[in-house]
Structure formats: structure tokens, C-alpha cells
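Common to both upcoming complexes is chain A, partnered first by chain B, then by chain C.
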Partner chain A sequence: MTQTADRRGLAQRLFEPDRLESLAVVPKVGTYVVLGFWTLVVLFPLYWVLVTSFKIEVQVDSGPYFLPFVDFTPSLDAWNFMLFKNNTMGAYLNSIIVALSSTLLALLIGSLASYALVRIRFQVKLAAVVTFIALLIAVIIAVAALGVPWAAATAVAIALFLLSLGTFVRRFNAAVGNNDIEFWMISNRIMPPIVAVLPIYVMFQHLGLLDTQVALISTYTGVNLPIVVWLTRDFFAGIPLDLEESAEIDGASKFRVFFTIALPLVRSGLAATFMLVLILTWNEFLLALFLTNARAQTMPVLVAAQNTTRGPQWWYMSVLIVIMIAPVIVIAGFLQKHIARGLLVGAVKG
Partner chain B sequence: MAVAQAASPAATARETRDEWIDRNSGRIMVLPAVIILLCFAIFPLIVSIYLSLCRFALAGGSFTLTFIGLFNFKRLLIGAQQYHFLGTFKPLQTPEWIAFAIFAVVIIYWLGRNVATGFNVLGLIGRLISAGLATGLVLAALATMPAGAYEGTLLTTCFYVLVGVVAQFLIGLGLALLCAQPIRARNFFRVMFFIPLMVTPVGVAYMFRMLADMEKGPFAPVAAALGFSAWSWATQAWSARLMVLIGDTWQWTPFMFIVLLAAIENQPRDQLEAARLDGAGNFQIFRDITWPAIAPIAATVVLIRLIEAFKIIDIPNVLTAGGPGLATESMTLHSFIAWRTQDLGGSAAVGYLLLFVSTISCVSFFNYVVRWTRRYQ
Partner chain C sequence: MRVRLEQIFKSFGLVEVVKGLDLEVQDGEFLVLLGASGSGKTTALRMIAGLESVTSGRILIGERDVTNVLPKYRDVAMVFQSYALYPHMTVFANIAYPLMVRKEPKAEIEARVTDVARQVQLDTLLARYPRQLSGGQRQRVALARAMIRRPAAFLMDEPLSNLDAKLRGYMRAELKHMQHQLGITTIYVTHDQIEAMTLAHRVALLEKGVVQQLDTPANIYNAPANLFVAGFIGSPPMNFLEGSLADGRFSLVGGSFALAERAPNSAAVAGVRPEDCSVTEPGAGKIAGEVYTVELMGDHTLVTCRIGGASMIVKADKAFSRHEGETIGVDFADRTVHLFDTASGLRIG
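For the complex of A and B:
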């Protein structure tokens, strides 16, 4: 294409592309300038954090220094303190365990549910749902207001519920279908965590699980289930039925079909979902603040706690932020290709 | 698979159990999710209603809950805590009345058009609820405009949500459009722009506090040259809010960007090329081809962001601790502060009000915007 001499005027050459798949000079330069500027906006704060983590107190306090080795002599003091003398590693380990296990759990439970909702028809009696919620409310009132022991109240409620299933629930025909169940699951995400966190706190206090990893893992699994269901349902809906049907004719159970055929087919989408949920869990602050104290403390809580009476100690804080971002960036680098595609499928269907 | 394998060795003996599992496999698959959601969403939600109707008091190592009806809500909306939740109001002046009149005309036209074009009772009720919330918010916003009036946490939250989501969407869309052009290093930009999403919001808040330090931050020389190094953004309401917004926008623009870019790259190539050959301008192409193709996705992405935006707490909590005064306090932070002062009832009430506001807003957005952009599909 470049062999033919461009006989157009200068202005035309600057503003109009010579081919459809390329850009003229001026728009091209403009694009690079804007994108480069935003790259700076993104990278400079991170660069500043990285640089600050190699400073000592004096170097931070006596004004901005920008370049290590030129402006100031970098030191590993902050790193040394944070990694070996502080309790950072405990919180770091907590964060890794909690984030990975709750993400994997949410992914497993959520994709099982969304697969079933896509492939199997459900008919849940509306009367059963109403009875269940009414009994739940009754139990809560009985326990909280009237002081009935919770074990007794729950047992009575379960007995009543089973009884109602056999008797009067059968008389009503109104039922909720797959779409309603799905909508209910996804809509739980709208609920702000602050509404749910107080009762969850009390619940774990009663169970003696406050400030443990179990409490955090199970709560995060619950909080992230809606996202998993919402994203994975479209992946499952997108795979052709014949593959699964032929496996079922060969006698494979639904579970086997799910794990050996359906799951591998939606790898890409699962990777995107995994990444998104992992980021959300890894960075979650509010629930961890309520549910943990010292032993099960996660990184965001530790970072937030750096605001001491002497003001934040930037050099320590920067170390924490750097070690928090690093692993996520590495994982995201590996999954980069899948992320956009996975999110797109979710957003198209909503 | 675990279930299937465990049962397979003794297949003949346990034929019935296998059959039972297979017959009920759907229920077994959904059950764990339902149980978890019941434990961590429905059960807490119901307990929270009860808490919001009670007064909580510590009494000798234990606590008591006294049922006090709607008192907690009354206190927030018209009582002693009104200044905190809704704001300190001043009577409307002429410019505010004019603004309100314009708003009223728009909303009545919107309701009227709906009644005229296709009337159904449920739709009208939904629209009345949306319109009611919007009117309340606009009135509160106008009543906190005059000098001496202050915004409460409700308006601050709505400000973050509205301005933040719009800014993130516009920047994200702009970057995605630029990035979708035939340029080199597209993947490089894609990876770079994605990074802020991965930084913990608490970290973002500290980062921006560090950057915005006018004495020893990186922009201190610039501030000194311009002569405002003594000025502190943290002492003024709007500059502090702006700072929170900048942090939030820095963090969440990538989310919009990455999905919108994927959507733009997925639009039909043939139409695009045909339009180019016919000599359509860039703006024309965007308006007539790209935008209609990506609008449903754009609306959905905004909806997702809207849902999450209402929950904002980390950035204002760390950046300004809600200050100066109440200026940057979001509703979640308000609820958290109430919890810390042992006012569990008030905390639950704020949480519930947040739930109402965000649910109505998100459902309205879904019904009037997302559905509308999908009308051609």
C-alpha cells in the first residue's frame, strides 16, 4: 500500500487515512497522546507508592523525592520492618486463604446452581416459599423478642414446614419458575453489605466463630454467589445441548455431565468470573472489619489500621499496598485474555 | 462427580439411591446456593428489620433490645438525626423554586406520557415510586443549597453515585473508543488501564492522600509555584468530596473501559466498513452504528456499577474519615459510625434506608434505561 506515492494535499494527508484500516497522522498522534496521558494517570500513583516504599521517614518528611539513586538513596528499612517484624505475614496468609477458598467455593456452588437453573426446569410452590419465610420471621421474633431458645424454635419451625408441605401447600398451584429463582439469587447483590453485617456478626458470635477464617470464607461465599450465578448462567446457556444430551444417553449422571462436559467448555468465562470474584474478595474491607479482630485479620483491614496517632506512616503503608497489588496483577496478567470476553458475555445478556 | 463415583462400585446394591440422586440432581445442585443465600442474605435481612425497630442497650455484660416501632426511622427523617441523614435545610429561594418547577414539569410530563401511551396499574405504581424518590431527593438537594445549609449522608452518597458513575462511564467510553482504533500497543494499554481495578479501595484512599499532600506529596512543587501550598483540600466540603470522587473514578474507570472496549470490538465489522466507504464521519459512525450496537451493554455495565457504587465506604473512611464535618460521609459509613457508638437500631435503620434508595434507583434504571436500550433485540 505504501508504494503508490500519495498525491493528496498536506492537510488531507494529515487528517484523512490512506486506507480504511489505518489512521491519519493527526488522529493517530492525538490518540497516542490521550492514551499515554491516561497511562500516566494510572501508573504515576502506583509508581509513587513503589518509590515511597523504599524511603525512610526523613526522606518522606523533607519533601518530595522522585527518583531513587538520583534524588535519594533507597533503603529496605520499611520492607524489612513490614515483612519480618510486623504481623503482616499473618494477615497476608489470612487474605490468601480466605480469598482463594471463598472464591473457589462460590465458583463451585454458584456454577452448580446456575447450570441447574439453565438446564433443568424447576417448579417451586409459591405457598411453600411463603410458608418458609413466614416461619423464618416467626422464629426470629420468638427468639429475639420472646426469649425462646433458638434450637427449640428452629426444630418446631422445621417440623411445621415439613407438615405444611404435605398438607395445605399442595392445594395451591401457583409456582415460581427458573427465571424467578435466578432473579432472586442475582438480586441479592443489590443488598448493601452493611444491612446484613450486623446479624451475621451476632450469628458468628453465637457460634463462637467470630475472628476466624471460617466466618470470613462463608460470608464471602454468600456475598459473591450472586455474581457467580449471574455471570456463569450465560456461559452455560451458550453451550450446545447435543454434547450433554449424548453423554446423558450414554448413562452419565447430571453431575458427571456438569463436571466433565459443561465446566471445561466454559473455561474462559469461569476464568473471568474467578478473577472478578477474587479481586472483590481480596480487596473487601467492610465485612472483614466487622468479622475479624486480630487472628483472622485480612490485608485491607491491616492497611486501614496503619492510620496511627502520628498520622499514617507512608513508607510502611506503601509496602503493604505493593505486596497487596502484586499477586493480583500477576494472576490478572495470566487471565487477561479471558477477562474481557467473559465480562462481555455477562453484560450482553445481563 | 464425587457423588457419582462414590456410588458406582456398588451400583447394583444401591441402585435406588443412585436413581434418587439422579432424579433430584437439579435440587441437589441448587440447594447449597439457596442455603447459603438464606443464611447470609435473607436471614440477616429479616433480623435487620427487627433491629431497626428496636433500641439496643448494653446492660451488665449482656444487652437488651426494646421494641420502639418506627422511632429510628422517624429520628433520621424528621427528628434529631435529620441533620445527619438528610441535611440541615434552609427555606428555598427563588432560583431553587425555579429549578424545582422545571423538575416538576419534567417529571409530570414523564408520568403523563406514560399514562397516555400505555396504561397499566403496576407500571404506574412503579413510576410513581421512582418519581417520588426522585422528587424527595431533588427537594432535599435544593433545600441544602442556600448558604448555611448542609448536605446529609443521603445526598452525599447520591452525589458520589451520580457524578462518579457518569464520570467513569464517559472516561471509560472515551478511552475504549480511542483504544479500539487501529493502533499499535492496544494490548499494552488494555493491560495498563485494567490495573487500578485490582488495587484495594483502602489502598487507593491512602494513595490519593499521599499524592494530594500539598507539603510533601509529589505535587508539592507545583502547589508551591502556584502559591496554594498552605491550602488543604481536606478542610472544605466540595474539595474533599471531589477528592473522594477522584479516587473512586481512578479505581472504577477500568471496569467500564474493559467491558465497553470488548463491546466495541464485537460490533459488526461489515456495517462499519460500509459506512466508511460511503464517507461517513467519525461522529456519524459512532452515533448510527457503534452506539446502537453497544448501548445495551453500556446500560448493563452502568447498572452493575450503580449497584456497587451505593455501597461506597472504604475511600471516604480512609481519605477523610467522613470529614470535614459530615461532608464526605456516605450512608454506609454513617451506618458504620452508628454501630460503633452502640446505636445498633439507628445503624440498621440507615442500612435499610440505603437498601430502599439503592433498590429503587437500580430497579428504576433497569426498567427505564436498560430495557429501553434492549428494545431492538
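For the complex of A and C:
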């Protein structure tokens, strides 16, 4: 190797890599220093929460203590109380049921919607949309302000709407297309959720569904639909049309094409979307705070409830946070290979 | 089964891509739709499959009007240029898909898949996924999936264009053999004239959405209906000489030659195929010229000659020994000259 001795200067050797696919010494060191620092920033709070969950009140107040068995003697007091004496498992179960069912529902409905938006061309007359909204407002005014029975008002409005479809709506050509529908969907997410919380609360109050899992599941499903539609539409749009056309010639219905061809091909995308929506619902606090009370309470609300009149109960909170984080990490581990895999290899010529 | 297209028109917005297509494909016939890109051939095929609606006209498969019928009820099978194999299914599942959709009994599906797979030599690859196959193998899976249903008609959209030249030649022969054995009506779209000539019982040559000629490969080659067909079919293409015909002589800029027994015409195009021409000694032959370029192709030599203001390609022997700039004569027989009317482009003799 003497003949290929490095004749570059010191600065070049420090800053220029030997090969194109590797890093030089200085950038390498710099990169790992930054990464190491960031790892610390991310991992330390997790470590701190874990450690705190094994402390008792005195140890927290007189701390900080960092190392169990060295700084302080760990105790299972907080775990004991939270798991066996407090109704933690109820909230935990609520969280699991609500998060899983609303995520799966949002994924099913949302992917059907985004597939339709990608593959079917919609052209709804703008005049029909405007008429519908105008009649809706008229019904609300009639019922609320003028005391018209709601059944009568709705019946009249439906009749008027159907009549308008055949008559004056036909005169207008402006139509709402797929892009408008997609924008309308995402615009629902632009609005801050706090705006909608009170109407939603009142709605469930009237339905007698406050403090039920049904209320949370249906609200979360609705709230997360736009996200699912927007995330999955590009996955569906990326499927070669040939595949679906071939299936249709082979005799499959649209639903069959969706479930046997389209859906399996966007599996990785669906896994990523599932993960994201699951985490969003798992962590959701605001709506849960308003819509639940005791029976349907979820974990984020329970965690916040540990901030009591006697001050924040850090050790209890830490226990709750640890058991809240655990399942998400496990699921992410399972789905990781799906998220990273390119499934379309070999679909078309290659 | 018989496939009939009656006065099919198709527009995408303001662009009319198919203009009054009339076709009748006989039962068991192999018909090739040949044309350059943008000629409307793929659109025509997609309309037969039901993937594209027709703007006006009727499509009949057998005696049934399928103009407004969904693809799945048309009983046709299609092979796509991309093969369109389902990447998440094994070869077995790919081939079985049309039967599984129809909920055929499991044993029946197994038997038929095994049978078809043997016919296309895939029987050892049934457990693989498409991504583990070579181009030729994927092509055969696509064929097997089309064959398994015994459809009323095969529709093929440039199925060989993704294969390399050697494999394409092999698959072409396989395809022809298979179609002959199965006897299923086949409509095949291609831009490759060799595929059209070798595979078809009849060729429909399309240009700008209109059929230019519909005939057997031999007739299309030997008696092209117009200038477009004459120029499209044949490689290297037919030589065209513009001029006029009077008193048994065809005159062009910078020369003339005898052409007996044809009706006089003041503006005509004489077409001669390169293989019907030969290079002669200066002064001999039908018309004088000089060698412009010489290209050795291996088994023959292409000689481009300047004839007055025009140029002609002559297909000569591989031992051709003249050089650029030499004066020569070009000879061809009277009966090999195709005569076209300049204005209409139609064949006049």
C-alpha cells in the first residue's frame, strides 16, 4: 500500500473523505456529536420519568436524585397505588378501545374515500351545494327562532332541494370537483379544535352520550378522517392504473379491486398512517377532557388529573406516563418493517 | 367470437382521436392494429375492453352489443404492455385471479392453473412473486392469466415491447403458435411493423384515428392503398420519386425513366422498394445517379443514391464495392413501380 500513500495535506485529509460514500474525519466527529447530543435530549426525559416513577414524595421534593440504588432507594409505592388502588386500568382500557377503534374506523372510511377521490371523477353542481347549505340554514332558523316543528321543516327543505335539482340548478354550469372536495376535507383540520368543542359537547349532551366511549370514538373518527384521506391519497394515486384495469377486466368489482389489489399495495402507507392516527388519538386531550367525566375517561385526562390541589404528584404521573408510552413503542416496532418497505417492486416492467 | 366495431368515434375534450372506425374481426382471427403513437390504436383497443367509453358508435362481441357494458361483463382478456401483474400475489394467485373472482371451486382452479402454467412453461415458478421473475417470465404470466378464462377475445396492447430483441422474436413465435392452437379471436396493438406482418391474419393500419388500409400482410406490402401505407410498411421505407407521367415516361427533376402501360398523370409519385432496385454500371439501368452513402448492414448493403434532386435507397449485395461519389445507374422493373396521385395520395397503379 506504500504506492497509494495519502499525499494530501492535513486539512484536506481532515475535511475531505477518502471515498464519495464516506465522511471525512471532522464532519464525522461533528455529526456524531450533534446526534449524541440530540439522543440525550430525547432519551433523558424518558429516563427521568422512569426513575421518578420509583420514587416517593420525599425523594422528589428533596432531589434531584438521578441513580436508583445509588442516590436513592427505589420504591414500588407509586406503582402499587396506581395499578391496584386507583382506577387506572379503567382509563387504560378506555384509551385502548377508543384509540384502536377510532383509528381503524378512520382508516377504513378514509382510505375508501381517498381511493374514490383518486379514481372516480366527481362533478357536483356548485348551485346544488349552495342550495343545500342555504336550506340547512333556513331549517335551523325556522326551528330555533320561529318554532316550526323540526320534522315539518326538514321535510319541506328536502322537497325544495329535490325540486331545485331538476329545475334551476341545471342552469348553472359551475361544478365542484375532486380537488375542491379534498380541500374542503383538509380545511376541517385547519380550524382549531377548541372552536368545535362546545358544539360537539352540546350535541352529545342532547344525544345523552356524554362520558361514553361511543362519543369519543365517533368524534375522533371524524376528526382524523381528513388526515387519513390526505395521507393515503398519494399512495393510491401511485398504484399503476394498469393493475386495477386488469383486475376489472378479469371480472372484479370496484370494491373487490379496492380490497384485493389497491389496499394490499398501499400496505406500507397504511401502516404509517395507522401509526400516526393512533398516536394522535392516544394522546388527544382537549376533546377527551370535555366529553368524558369518569366512566369513559382516557389516559391523558388521568395524567393531567394528577396535578392536584396539593401540587403535581410527579411520581403518580410518571407511572401513568410509562404505561402510556409502552404500547406505542411496541406497535411502532411491529409496524416498522412495513413502513420502510417498497412493495411496488415488480408490479410493472422492471 | 366475432368482434365488430361500427362507426366508432372517440374524443378527449376537443381532440378527436378515433374517427369513424369500422372493423370486423372474424372468429378466431388474429387482427393487428398497427400505427404510430397517437394514431388511436390503443384507444380503440381500450374501447373494446370497456376501459374507455365511446363517444358514438357501437361495439359488438359475438352478437351482443357491449357498447355500454362494464369491462367485467364483456368476457375479454387483456394483456397490458406493462404486464400489470399483481405484485403482492404469487404467480399462482396471479393466474388464478380471474377464476377466484368468479368463485370457481378450488379444485377446478388448481387444475386449470396447473394446466395453463404447463402450456407457458411456468409450472416450476408458481410459488414465486412477480418481482422474482425475468421479463420473459412475467410476460408469460400475463399471457397465462389471459388464457385461463378462455375468453371471447384476447386484447393485447404492445405485449412484447418491453422485451429485448432476442426474446421478442422468440415470444412472437410462441404467441402466434398459442393463438393458432387456442383459436381465440385476438386483437393486437403494436407500432412494430415486423410484429404486424409476422403475427396477423389481417392488419389494420391506423393513422390519425382513421383506418388507412385493412388487408392481409402480403396485400398491404405488395399493394399499399396510399402513400402513407406505402411509406409506413417496409424497412428501409419505399423510395418516392415525385414527377409526372406522360407518353410512357416518368419525368422528375433531373431525370426521367420509361414506365409503360400506365395512365398519364401530371402530378404523380412513383414508389419503388429498395429491394426491387439494383445498382448498375453508369449509363445502364433505368435512371442515372451517383452514390451518396454506402452502409454495410451485415447480410446486405444499403446504398443511398442521388437521382437528380431526389434520393433513392437501394438494397444491394453485401459484397457491394462502389464508393461515395461514383456515377452509377439504378435499375428496377416496371411492374415493381407503385404509382400514387400526388394530391390525394391514393394508389393509381
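Keep this in mind: the second predicted complex is superposed on the first by the 307 of 350 C-alpha atoms of A that agree within 3 Å, B and C clash if a C-alpha of one lies under 4 Å from a C-alpha of the other, contacts with A are read in each partner's own complex, and residues count from 1 in each chain.
FYI, a contact is a pair of C-beta atoms (placed from the backbone, for glycine too) under 8 Å apart; a residue touches a chain by one contact, two chains touch by 3 or more.
Small disclaimer: the values here were computed from a predicted structure and weren't measured.
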Practice prompt. Applying the touch criterion given at the start, work out whether A:Met299 contacts chain B, chain C, both or neither, answering first, second, both or neither.
Written response: first
Item to complete: Go through the superposed model and pick first if A:Leu286 touches only chain B, second if only chain C, both, or neither.
Response: first
Practice prompt. Please indicate which partner A:Trp38 is in contact with in the superposed arrangement: first for chain B, second for chain C, both, or neither.
Written response: first
Fill in: Touching partner for A:Asp242 - first (chain B), second (chain C), both, neither
second
Worksheet item: Is A:Ser253 touching the first partner chain B, the second partner chain C, both, or neither of them?
Response: both
Response to the item:
Of chain B and chain C, the partner touching more residues of chain A is B
Discussion item. Quick check on the superposed pair: does A:Leu265 touch chain B, chain C, both, or neither? Answer first, second, both or neither.
Written reply: second
Item to complete: Pick one for A:Leu67: touches chain B only (first), chain C only (second), both, or neither.
Response: neither
Worksheet item: Both chain B and chain C touch chain A; at which residues?
Response: 252-253, 256, 343-344, 347-348, 350
Worksheet item: Which residues of chain C touch chain A in their complex?
Response: 49-51, 70-72, 74, 76-78, 80-88, 97-98, 101-102, 129-133, 135, 138, 145, 149, 162
Response to the item:
Given the complex, residues on chain A that touch chain B span 20-23, 27-28, 31-32, 34-35, 38-39, 41-46, 48-49, 52, 60-64, 66, 109-110, 112-113, 115-117, 119-120, 122, 133, 136-137, 140-141, 144-145, 181, 185, 188-200, 202-203, 218-219, 221-223, 225-226, 229, 252-256, 258-260, 279, 282-283, 285-286, 289, 299-300, 303-304, 306-307, 312, 314, 317-318, 320-321, 324-325, 328-329, 332-333, 336, 339-341, 343-344, 347-348, 350
Worksheet item: If you look only at chain B, which of its residues touch chain A in the complex?
Response: 1-4, 18, 21-22, 25-26, 29-30, 32-34, 36-37, 39-48, 50-51, 65, 67, 174-175, 178-179, 181-183, 189-203, 206-211, 215-221, 250, 258-259, 261-263, 266, 273, 276-277, 296-297, 300-301, 303-304, 307, 310-311, 313-314, 317-318, 331-332, 335-336, 339, 344, 347-348, 350-352, 354-355, 358-359, 362, 370
Worksheet item: Which bits of chain A are touching chain C when the two form their complex?
Response: 240, 242-243, 245-253, 256, 261, 264-265, 267, 343-350
